[in-house]
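Shared chain: subunit A. Partners: subunit B in the first complex, subunit C in the second.
Then we have the complex of A and B:
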């Protein structure tokens, strides 16, 4: 009877807990450059498992089959030395990708360190350091590489990557420096320095995690430019010798292939090179912040 | 006027400093490199020389002194226009390079002008059709073209147009005995220019396009529109004019890239120019020639950057003075 006029409100009260909605796989993958990632993964795996994929020895000269057109025995044909192009592509990709990664690693270390020092240093030191990158960056990098590779006979993987890396970090250093300038006065950096944090500690703990995502684009695309530079150099006869197989050194036979009109020697390694570069670009531009523009006035 | 004189003086000083650094670095690298200069100068004749003859030859060529002394000597000679003897051609390096300079300048300049004319046109077109199917299609195609390595594109073009179809010549700057035939020259320039265009065009067109798109969001565009101007008029007359300083700055940045591009293109098409010569002399360790070609290219690049900066200050007074990174 009592309960009729006096009803309890919210007797079944429960704390509202929003269920974290499980995102479907499709939603999570949205926006990722899926196609590029798949193709790139495929190429990388192919290079890793080159031994299983190749059906010939890439260093063997099949002297009966010089300049043979693509067919059942040699999938992509043979070059003017009688080597199987299909097998060479997988083995050559190993070297090309290694040089891309090694070169980028060197670029990343030098560029990030230089940028961090320059960004945190005093005005005078900073301007001198930036002048140096500007002057060096305004010399065509190819000429730089030409001098270095001629001077140091860079014809193995390591020295070629060093030459490429040493000449390629100017742009990255400038990006890093401008990012560091923006965050160097924030409270957490100040706090870390008050706590007697050393330069290396502040750089690794605070600076790098904060500018990593804007720098990611530059890093990924520098893998591509290292691969391009290596292949251009090898093509010009200044990089890897013909005996150590990379996509670039395979293409250094292109002039001979032009004379004998064997298109497959030129087209197949080049296609792999171009596809790899494009996948890397697509993956890289995923890291770039998309410009959020308001509607046009036009 | 005084301001102008001061600016020119400062830029000249910076130019000289940059050239000095560049020449010293190149010189040091060339001298520290492995490989005996005597070997490349005398070739096989070196083996028949006695030790004392070798020492005498070294002293005569100035190779027995320290690096800095050698550099100072080289520098003093360079002031008189003597850049040493090309070890491969056995001729003064300047004489080897001089006839090729014109060829490179021709290729580089035409490519430079074409790249920026087309980049601006393409950028305006894309800005007018923003996010249309056409715009997106152009963006995709040009990005693909931009990422094709230029040396490979060059070979493929030779394969198609010179060898399969036989329309265009594959190498050189002109056929034998036709040095003054304009048509013949143009024929030899077509393929190199296509390669230069495809590998540089989009990079700059995209930058200009993005800048234009930012410009289209400004208020004066709305005003111009309400005055009754057409879309084309607004973009061509108002927006492009505001973007012009950016284009000039981009043109200044682009000089090293385009110069680097000519090196590869010249090598692919065996075009007789400085770039091809630099590659050849790097192969044969002909350091005097390599140094001179790098120095000339460097000088062109630096001069171009200064010129662009000066032009920029003329057309946009805002660029003067503070806030701009100057050097």
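Then we have the complex of A and C:
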């Protein structure tokens, strides 16, 4: 409204419009584990596009090129039967990463559900459920996996992931449960329950979004532990058959390579495995730090 | 199988977890004591195959029975039978009677005297014990009667002349006084054997995987120089090579690639024996697949580049195999070498047999894909490698051979074949029990009327020239309708520490390069 009787005066009158401060890309990326993320992304992309990257058939035996050192044709060399390590790495990574992700998905589903039920249930049910996870969690996971894989003949990707997943969720369930215990009596949770919100509704709408960031680090690091378990199993000759290449089954050729002094057969798959695990650990610890730093959003 | 191994590992983990909490002082002092009492300077530690029983009747292709037991005859350096427990023997051609005059100075390892009763007992078990699970009983079919007119004479009467029977009289003799009335297949004797041989059995430490032997100072022949043999039961080839490297073993049979790694190292010595040992894919002719497709085994040879397999897996130390008795003096008929490596020829022959290439790149016939399964023991690396290469070559040619790795062979699981090894290092009649229909060692159920006829004729013919001709015919007949996809003959590479001496490479070794200890009494070890 403009009124001539009044005039607003001031030295430099301006309407104050607070501009949403645009963060530069640099600022937004600040603190993120950039190097780890880039390397991990690179490895994942490499495995996805294994068909384009590989320059040889990973399952074929190049009998004219036995035990060849890394070179122009075979970038990472060949093993004692002329298999191309470079091509095997990308194809093998597919299986290793798939098992990591599938195993983690199973861990996530079981762990989160168990933790939510336990966290919202009565004292007695809660303590029974937690004792179960503690008892099962006290069995060394390698032993547990061995017993299960013997009982169920786990020798394909899916069944191996299930075995690894089923034995790996105990830690996650405990974390989820303690998070849920903290927020289960918050007003919005109580309100949702008063309005007859079902358990699933409450879990999905209210609980999970609120504890996701604190458990994120547990999830990311369990990808790494799933990959490690698969590698150990395949290394022992109990995981995948030799015909399906994974980083673990490639490493199972290691003691043979040691005897024949072909270091590249051991070093390259080992390097990829270690680098992937380090990246995952680094990303996981970033999530843990940022969850600890942020104030509670309640 | 794999399942068993996994259970075993889990059990081992459990045990080791318990062991961690148990007080360890007792075991460590016990170990110290045993190591003190054992002077290892004149002891040979041999990394050998894994064993479950030591009984010459049941395990006649293994090293230990030959050390602990001895037979009426034994093989000399050239593989010819010469008297051993017998001082001499007579053969009466008109009555087909062998009379053995036994040594009178022989004692069993438990001190009892050896006599004709023991010989009669052993050969009666071989010829008339129907429950005996031995693969070689077919070799003794021609024996009609066994008599002992006195305590040191044994008389065998045959139904008809048998060319290799003197070879078969090398069978180790079992002690009658310990085994009368026992079940030879399962008795405890098989794990604590008592023989008349050059070494006596001391202890079987199954947890530690070793069998301890001590030289038999009462031996009737030359008493061995080496006082003790510790036989480590390891089957894994990598483990054997590692043990040799780390000084845990003094002698081992290694595959060609591993043996090559020790060449030029002054601390080690190697001996290259020739063997009659071949590798091939033996098909179970009674399986559903081969019962219908037995005509299509030989043709697979065209698709195999056997030389490439020899050059890679065997490090070039081998020979292309075309006949199961190729390296036998009476075998090696070049006309039996029917199948060169020729993929074009393969395609033609497959077409002639009625196989049609399907859209998935595999041959089909009568609605059936050319797919079969082959079991291989996972610790036998050289066989696993051969199986994988054969499978990859066949796959490119349009045949799917699926390789299944097992921890021990399972004959009832329905596999269509296995990665086999056999050897015919002495008389060619050794293949009789393996190829004649329903013979004792014919585990793959091979049956071919012409093969039966020729092998019977070869067994019962006296003249070496005639026999060579007969076995040559057998090789041709067999090559046309084989039950084994033959790949290669291997050399026997033994590697030991440089202090081991006395191994004699004159002898052609058998399957798994067994027989290296044929002259062990001459060996010495110097650490």
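As a working rule, the second predicted complex is superposed on the first by the 274 of 298 C-alpha atoms of A that agree within 3 Å, B and C clash if a C-alpha of one lies under 4 Å from a C-alpha of the other, contacts with A are read in each partner's own complex, and residues count from 1 in each chain.
Definition applied: a residue touches a chain if its C-beta (ideal position, glycine included) is under 8 Å from a C-beta of that chain, and two chains touch if they have at least 3 such contacts.
Since the model is a prediction, treat every value here as computed from it, not as a measurement.
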item	value
First (subunit B), second (subunit C), both or neither touched by A:147	both
First, second, both or neither for A:60, with subunit B first and subunit C second	second
Which superposed partner A:81 touches (first subunit B, second subunit C, both, neither)	second
Superposition-derived comparison: subunit B or subunit C, residues of subunit A touched	B
Touched partner set for A:155, first subunit B, second subunit C, both or neither	second
Partner chain in contact with A:236 - subunit B first, subunit C second, else both or neither	both
Which of subunit B and subunit C A:274 touches, first, second, both or neither	first
Which superposed partner A:261 touches (first subunit B, second subunit C, both, neither)	both
Subunit B versus subunit C as contact partner of A:134, first or second or both or neither	first
Subunit C-contacting residues of subunit A that also contact subunit B	140, 142-143, 146-147, 149-150, 153, 236-238, 261
Of all residues in subunit A, those that touch subunit C in their complex	59-61, 63, 66, 80-82, 140, 142-143, 146-147, 149-150, 153, 155, 236-238, 241-243, 255-256, 259-261
List of subunit A residues in touch with subunit B within their complex	130-131, 134-135, 137-143, 146-153, 224, 228, 231-232, 235-238, 251, 254, 258, 261, 263, 266-267, 270, 273-274, 277-278, 281, 291, 293-294, 296-298
Of all residues in subunit C, those that touch subunit A in their complex	2-3, 5-7, 9-10, 13-14, 17, 238, 241-242, 245, 257-258, 261, 305, 308-309, 311-313, 378, 381, 384-385, 388-389, 392, 403, 405
Interfacial residue positions of subunit B with respect to subunit A in the complex	18, 21-22, 26, 29-30, 32-35, 128, 130, 143-144, 147-152, 155-156, 158-159, 163-164, 170, 210, 213-214, 216-219, 221-222, 225, 231, 234-235, 255-257, 259-260, 263-264, 267, 278-279, 282-283, 285, 287, 290, 294, 297-298, 301-302, 305, 325, 327
